[in-house]
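Order as written gives the chain letters A, B and C; numbering starts at 1 within each chain.
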Amino acid sequence: MTRYIVRRLLHGILVMWIVSTAVFVIFRLVPGDPAAMTLGLDAPPEAHEALREELGLNDPTHIQYLRWMGNLARGDFGKSITHGYAEVSGLVFPALGRTLELASLSILLAVIVAVPLGMISAIREGTWMDHTARVFTTLGFSMPTYVMGIGLLILLAEVFPILPPGGYIPFGEDPVKHLSQLIMPVVTIGSVTAARLTRFMRAGMLEVLSADYVRTARAKGLTERRVNYWHAFRNAAIPLITEVGVNFGLLVGGMVVIEQIFTWPGLGWLMIQSILTRAFDVVQIAVLVSAATFVIVNLLVDLTYSWLDPRIARS
Amino acid sequence: MNTEAAQKPILDIRDITTSYHIRRSGAQKATTLVAVEDVTLSIKPGETLGLVGESGCGKSTLGRTIIRLLEPSAGTVSFAGQDITHFDHQQMRPLRQEMQIVFQDPYASLNPRFKVQQILYEPFRIHGIPRAVASQKIPELLSLVQLPPDSLRRFPHEFSGGQRQRIAIARALALEPSLLVLDEPVSALDVSIQAQILNLLEDLQTELGLAYLFIAHDLSVVGQVSDRVAVMYLGRIVEEGPRDAVFNSPQHPYTIALLSAIPDISAAQGRQTRERIILTGDLPNPLDPPSGCRFRTRCWRGDQLCVDQDPQLAPVSDSLVACHYPGAEDHSGAWS
Amino acid sequence: MTSAAQFSERRKIWRRIIRNPLHLFTLSMAALLVLLAVFADLLAPYGATEVVAYPFELPTAQFWLGTDQIGRDIFSRIIHGSRVSLYVGSASTAIAVVFGVPMGVVSGYFGKLTDTIMMRTTDGLLAFPPIILAMAMVAVLGPNLRNTIIAIGIVQIPRFARLVRGMALSLKESEFITAGRALGASHVYLMQRSLLPNLTSIILVQFTLTFATAVLTEAALSFLGLGAQPPAPSWGAMLLAGKTLVSTNPYLALGAGSAIFITVLIFTLLGDTLTDLLNPYRTDR
């Protein structure tokens, strides 16, 4: 078990190394000169050259790479020249926090909807309840979050203006306002994610329901109800954790568009604003952090999974 | 047939050892599995050498080493007098026309996405033989293995097991080889179909003068087709000799045990019955073979000598036998 | 030979299509969508960038969905938009196939070090949420349609490589591959002629699903202002314009949104249909 954890951690570190290398490669392809972009085109050549020197852009690529990796290893994300030399971490981490808030609430909603729906769909396979649930999942699969988000926005902020069209007020300042701003984005992402999880839960339940030990449980005289709800649920729920983890990681990245629609200042929103102002020193860290979140969530999920089902670690 | 040529072996392998490196989950170091050890054999043109042994004894590995699908870790493989042990892909290419293989499972050995036409065209295509030549030869191949000409437009899954094996044989014959390795060619087939395929193989041998290495776990099948028989146990040859010698007076206890398992016709005719010897225990783990004689853990003749000393192949009557106590089974049970 | 066995593969697929109304529906919808994109110029009442009326007209018999902020016919622009979507979808998926499939085949076929390096690299690339990686690349290369195609294509490469590698890994031990080796076939020959034909169904299904994702991603990038630039009729860009104009003419956002939704739905269903139709192990009653 310990060996599995160590191996899994080492793999995570390896992936992070590849990820940060990929980010370095991508952002060294920038066609423009970061120094010229910051200073404007009519800055004196001496100032331009001084900034290039300061940013280390005159060094050979491998030196720049080593410095990049070294800084990351020390947790130094640098300062943003386009944001008046503000610490990049001071911009990125609060934004990540707001994204995580949105993602966790959405996942919570999705699980609350998907688990019972998937179970009913599987237990009552082939009935009208199952068919309704399956129509819901198929539509949810093809419904882009941004289309649904805009639909909700039109309906609940324009046609029936009962909710704020977006924005962000910290919970500490006005909890009610804060929560009302969360409703639409959470419902949007939550319901689309619920479609995926429902499908997963249903498939898992069906598989378990046809497995031998459920039949054994039936033979032992347990009632139908207990067979379904207990044995099948426990075994279908464990793989669901992986699915939740995968979706959570994807959400952190996929929320870009939703944050943009509801002007929620999360990581995706920060990324877009930084791209539009060509603040690549912020963008690269935001990209890195979103990938890191994905990796860490998956790591946690795998470890949880192996703790719940120790056969995984042994294989 | 030219007698002098007939005496020169087409295939000659000396002291062949083939091993696999396997990594067991959890283990840090790779273990070496010696699948074939110190095997020396030869096959003459037009001859059939039967190779028998239980599954997992290394006979398929030996077959694949011979046609250089696997590289031996020691020893030499010579084909038609030429040492091919360390030939690379390019050097092997012309020789691929000379030696071919037919596999056990005709369901797996034919590309499911290809029609028979394409399957039979492959050998020609690989060796750059013009399409015109191939399209002339393919119908001939089909009639050689007695399949109807309209088979060409069908996919493998439209055929029965025996028919697919015919297709596999036709493919192997396409380049007119002189040696065919038949790796359990009939063991996946029904008994009635087995006989048909064995007859076909015999006809082809007479017609084309092929040499066969016939690999099987079933001694009765080997007995039907072989000129000589080699018996393999745990990667080694334990007895080798002319078919009649091996079948009528087996010397190695393992051979005796294998033969005793064949339903005996003479018994039904009321003549002297053979005692059936049932081998106890499983095949030892090939990763950790027993010391001395490898067969001793299942042998009823074994003593301390067998534990201490590894018997070498030595002539006993007409055969070569690797046993400290060779000899036909005595019904008085002197050895037990 | 029985007559049942003489049914060719193709006829079997036709029979499956005709027997299942959902397959028939999905395939015709997909065909219709492709035709719509190809003949957009003939089918759309007005040109993509043609100003035909005052801005913000509500739907009329002449302008079915009204006009946008410049006075262009929304309905016509949505029809023209199918061309942008399907073009980006097919071009970027083609990039993913052209690079991902050979990578996967080589990785699965050779195994060992080649495989380890390739798989660890894809691990790294797959750690990025897809849209983030695409955004980063578009941001760096410059926001336009060509770079959108490149970015979406690259993001999908490791997904193709993974899938194909898994299949190649299990197929390379097949005896028909060993038989090919015994015939003297080179590695390239075996990968190209023996492995690849057995991967076509799974590649085709994955192509469809990737296509749907690509359409979705293009719309998202254009919505964020990083994809197709005005005045190109991209559904994502129309959604962005529609969002800001929701109170004046909601039909712009609704029209573009539905177009994206329907297209993705059709291609997702097409994936299911193809999986069902091309399954060689399925036996028909």
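As a convention for this text, a residue touches a chain if its C-beta (ideal position, glycine included) is under 8 Å from a C-beta of that chain, and two chains touch if they have at least 3 such contacts.
The structure displayed is predicted, hence computed values, not measured ones.
The chain closest to the protein's centre is C, with centres computed as averages of CA atoms. Set against the Cα centre of chain A, the chain with the most distant centre is B. The distance from the centre of chain A to the centre of chain C, with each centre set as the mean of the Cα atoms, comes to 23 Å. Rounded to whole angstrom, the centroid-to-centroid distance between chain A and chain B, based on C-alpha atoms, equals 58 Å. Between the CA-based centres of chain B and chain C the separation comes to 50 Å, rounded to the whole angstrom. Residues 120-121, 123-125, 127-133, 135-137, 139-142, 212, 216, 219-220, 223-226, 239, 242-243, 246-247, 250, 253-254, 257-258, 260-261, 264-265, 268-269 of chain C touch chain A in their complex. The touching residues of chain C, when paired with chain B in their complex, are 1, 5-6, 9, 174-176, 178-186, 189, 193-194, 197-198, 200, 280. Interface residues of chain B, counted against chain C in their complex, comprise 64, 67, 69, 89, 92-93, 96-97, 100-101, 103-105, 108-114, 122-123, 126-127, 154-155, 157-158, 168, 171, 175.
The touching residues of chain A, counted against chain C in their complex, run 11, 14-19, 21-23, 26-27, 29-31, 138-139, 141-144, 146-147, 150-151, 153-154, 158, 249-250, 252-254, 256-257, 260-261, 268, 271-272, 275-276, 280, 283-284, 287, 290-291, 294-295.
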